[in-house]
Amino acid sequence: MVLKYTPAAEINEQSKWYEMSPGGMICEPGTSRLTKTGEWRTTTPVFIADKCKHCLLCVPVCPDGAIRVKDGKRGEFDLEYCKGCGICYKVCPFDAIEFGGDK
Amino acid sequence: MAYNFKEAMEKPDRLASGHRLCAGCGAPIAIRGVLRALEPGDKAVIANATGCVEVSTFTYPYTAFMDSYIHSAFECAAATLSGVEAAYRSMKRQGKIADNYKFIAFGGDGGTYDIGFQSLSGAMERGHDLVYVCYDNEAYMNTGIQRASSTPKFADVTTAPAGKVIPGKQQRKKNLTEIIAAHNVAYVGQSTFIGNFSDLYEKSHKAIYTEGPAFLNIMAPCPRGWRYATEDMMKITKLAVDTCVWPLYEVEDGKWKLNYRPKKKLPVEEFLRLQGRFAHMFKPGNEWMIEETQAEVDRNWERLLAKCE
Amino acid sequence: MNNMIEIRWHGRGGQGAKTAALLLADAAFVVGKYVQGFPEYGPERMGAPITAYNRISDERCSVHSNIYYPDYVAVVDESLLESVDVSKGLKEEGAIVINSCKEPEELRPMLKGYKGRIYTIDAAGISKAILGKSFPNTPMLAAMVKITGVIEEQAFIDQMQKSYEHKFAHKPQVIDGNMQVLRRSMEEVKG
Amino acid sequence: MAIHERLSGNEAIALCLKQINPDVMCAFPITPSTEIPQYFSNYVSDGLVDTEFVAVESEHSAMSGCIGAEAAGARCVTATSSCGLALMWEMLYVAASMRLPITLACVNRALSGPININNDHSDSMGARDSGWIQIYAENNQEAYDHMCCAMRIGENPEVMLPVMICQDGFITSHAIENIELLEDDVVKKYVGEYKPEQYLLKHENPVAAGPYDIQPYYMEHKYQQAVAMKQSYDVIRKVFKEFGEISGRSYDLIEEYRMEDAETAIVIIGSSAGTAKAAIDEMRSEGRKAGLVKIRVFRPFPAEDIAKALSGCKAVAVMDKADSFNAQTGPVYAETCAALFGKENAPKMINYIYGLGGRDVSTGTIKEVFAALDEIVTTGVTGETYRHIGVRGL
């Protein structure tokens, strides 16, 4: 028999040996998005849109890519993935991110 | 290539969300920072040494990379990527493939300074057209914060703990950036996270688009290993640069260039004080450790300035 | 195995004993024989005693061991007679060919009671006279062909001519010299 | 039209690789395999192949480079021996688990220590559980022929495993012998193009290779490897058969020599099988019913074939050119015993550790072994099964 390169979404901890891709190869990009790491978060950042000047300094510091930019403006936090590290709120010059207690 | 911050921030992530690195980890920030410098039309193959990034970004069946990716083992990311690059050259020459690829390896300091050192040196010497990126967090974090040759003197790590007799690691940090520069490769840069990331972006762009082997050494703090509050990362990297503990410089075509000179060089203790791994240095009677560290930083800084003139 | 001839070569690293064994295998191959040519390998460097072997027959030989009871022995360096038991296991009906300007019987006392035929050839002298340098392996090769009869002489000469024409295509002036060395060696080997 | 030549085993391998024209070769010199990359780099320098030759700084990097290249979609080869193979150890397992059909020309040499450059099988025998297919040659001809078959076996979608083509260091690698070669275009056509379904440089989609496999997945992936090795039996047989059709030389997993009515036999691997055949011919001429089973393919282990071949024998000696230091057996004996376990009328079996570090194996050595087997047949007493031959003082 020849093994198939099964898509990641169809592989889970109940998959049979012949349902898994050979050599553990995954043949599609960014399947990690299927893992919602936002569940790990204990403190949640809050985006205060009114205060945001869209300087975007919070974007490159996010380890989890949870701040996305469209048309030059950042959007809401993607809480499906944000792990709540707080780096973003520390770099915001405009107090547009609240995180836990005081700064 | 001028850096347009806003445009760069709008580029699609080439390291997807959903990876399993710790909250506040410096490594994905470094990786995303490097990959952002890839031109949109270019494909890439990423190689990765075993380490935190590997076990967290490609936990079967979940890859966080948007590009092709290969991990083989701890000590041979550079050799593995050499093979990929050789395959590319061969297949391209034979007309078997048409796309343009760039080749980027990521390794932690363990997989780069230590166990992967020979493999890296070999790949640099052979002249492959690839970039090796070290995300340096100054200890073997994947196995639980053990001493590395990249660990700075006096740091309290699990295999060189600060004890009653021996105050942490007793040897100085290896200067890998200079060692790779001594390979006379096309481009070497040392960077970390500062301001709007222009330093990292520009160095990454040069490293990727300079033909031949290139090396980037990026300080990427580990909040667990360094013992600081996760939110303080950018403060720490800024202090590393402003105290001259981690100077930003590059070596291009044999020419050394300092990319950032602090307006006021800060005392090293400001960098040390925020981190639990150096806490014992601040106990009464241990002032000499801070003095010795300051003297070492000063000496290295002067040497670097002399090279950059 | 029928018609199989086993030869052992003794020389010193760098003198060409291994090359001579390989050349003999080559020549025998070209005239249609099944051949083996192999050195006994170790870490020997220039000047150290070395051994090489040939098996030549009309059928493929499957044995892959050293040769303990050779039909013939070739000694490329006379000084080896003092340190190496060159006639060890040599069959009485066989022969030993030694690179020496001495008479064969002068050397018998050094051969530890060996009773068979002894031949000498002044390989160094012939080589120096014609080529101006000592390449003992070419005269030794010719002498071994002559004494063993493993290859018909004219066929050997023809094959070597072709081989030299190929090998020395970039310096044809040395072909004649080497051919002369071969012919003269076949004439002058004495026993 | 066969081409008649005289080549050493190393020359034969290098020439075969030239005919195959792989995309990448990553190699590091080590005696006695050094000549292979050396000859091959001449082909590269003279523009006779399309291969990218990567002169790495160690064997570990050679195998790592092969892994990268093969995963990228290239056909990649390497050559090594002894400590070089040992330095690759970790990566051998990685190559097999990533299901990359890399081809390795292994020129068998003793492992250190003490350091020794001559032949035995301790290097590749140590790698027997790494997940590689292993094929052993008796002489230069077989080394060449096996190399012609390696990629068709390894690259078969039912297999996708790396292949080690082994020959005995110096004994065949450096010995000039007659050989029949195939024409370049015949080899090229027979070997074909490497066309993996998924690879790093694939235009249509990116590929991630070499994951961290957590507990719920690791064992399933290892089972896939086990299945692939099982499936390789038939693939190897088929490839050998097809090779016979183009070359006139047909092979099987094992070779039986004068086994039809053999009462005593040896099981052996590599060049000493040839020496043993000559010894058996002599014994046969004296009326002794001696035979030989040569293991050509050691991985996958041809257990059924061996059991069948030995089924009529009264006593069998299994020859191991490597020791396992388990105080019991060498590796080939252990597996041969396992193959015969529970079989009716299984022969009495002994094990000989022989030929270590280039200890010469003559027809006399083989006859000694058969003498021991005759004694077992006569007395009915097997005695010590773990034996060494060729050691002074025994």
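Every chain is named by a letter (A, B, C and D) in the order it is written, and numbering of its residues begins at 1.
The rule is short, and it goes like this: contacts are C-beta pairs under 8 Å (C-beta built on N, C-alpha and C of every residue); 3 or more make two chains touch, one makes a residue touch a chain.
In this text the structure is predicted, and so the values were computed from the model without any measurement.
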Looking at C-alpha means, what's the farthest chain from chain A?
-> C
Note: chain C sits from chain B at a C-alpha centroid distance in Å of 63
Cα-centroid distance, chain C relative to chain D, in whole angstrom = 35
Where the centres are mean C-alpha positions, what is the separation of chain A from chain C, in Å?
-> 77
Per the C-alpha means, the centres of chain B and chain D lie apart by a whole-Å value of 43
Residues in chain C with touches to at least two other chains are numbered none
Return the residues of chain D touching two or more other chains; collapse runs of consecutive numbers into ranges.
-> 98, 202, 206-211, 213, 217
When you check chain A against every other chain, which residues touch at least two of them?
-> 20, 24, 26, 29
Which of line, ring, star, complete and other names the graph you get from chains that touch?
-> other
Pull out all the chain pairs that touch, please.
-> A-B, A-D, B-D, C-D
Which residues of chain A touch chain D in the complex?
-> 1-3, 5, 13, 15-18, 20, 22-29
Per the touch rule above, chain D residues touching chain B in the complex are 23-24, 26, 50-52, 54-58, 60-62, 64-74, 76, 90-91, 94, 98, 200-203, 206-214, 217
Complex contact set, residues of chain D against chain A = 97-100, 157-158, 160, 197-198, 202, 205-211, 213, 216-217, 220-221, 223-224, 227-228, 231
Chain C contact footprint on chain D (complex, rising order) | 6, 32, 117-118, 138-139, 168, 170-172, 174-178, 271-272, 274-275, 277-278, 358, 360-363, 365
Per the touch rule above, chain B residues touching chain A in the complex are 5-6, 9-10, 13, 15-29, 32-33, 36, 57-67, 193, 195-197, 223, 229-235
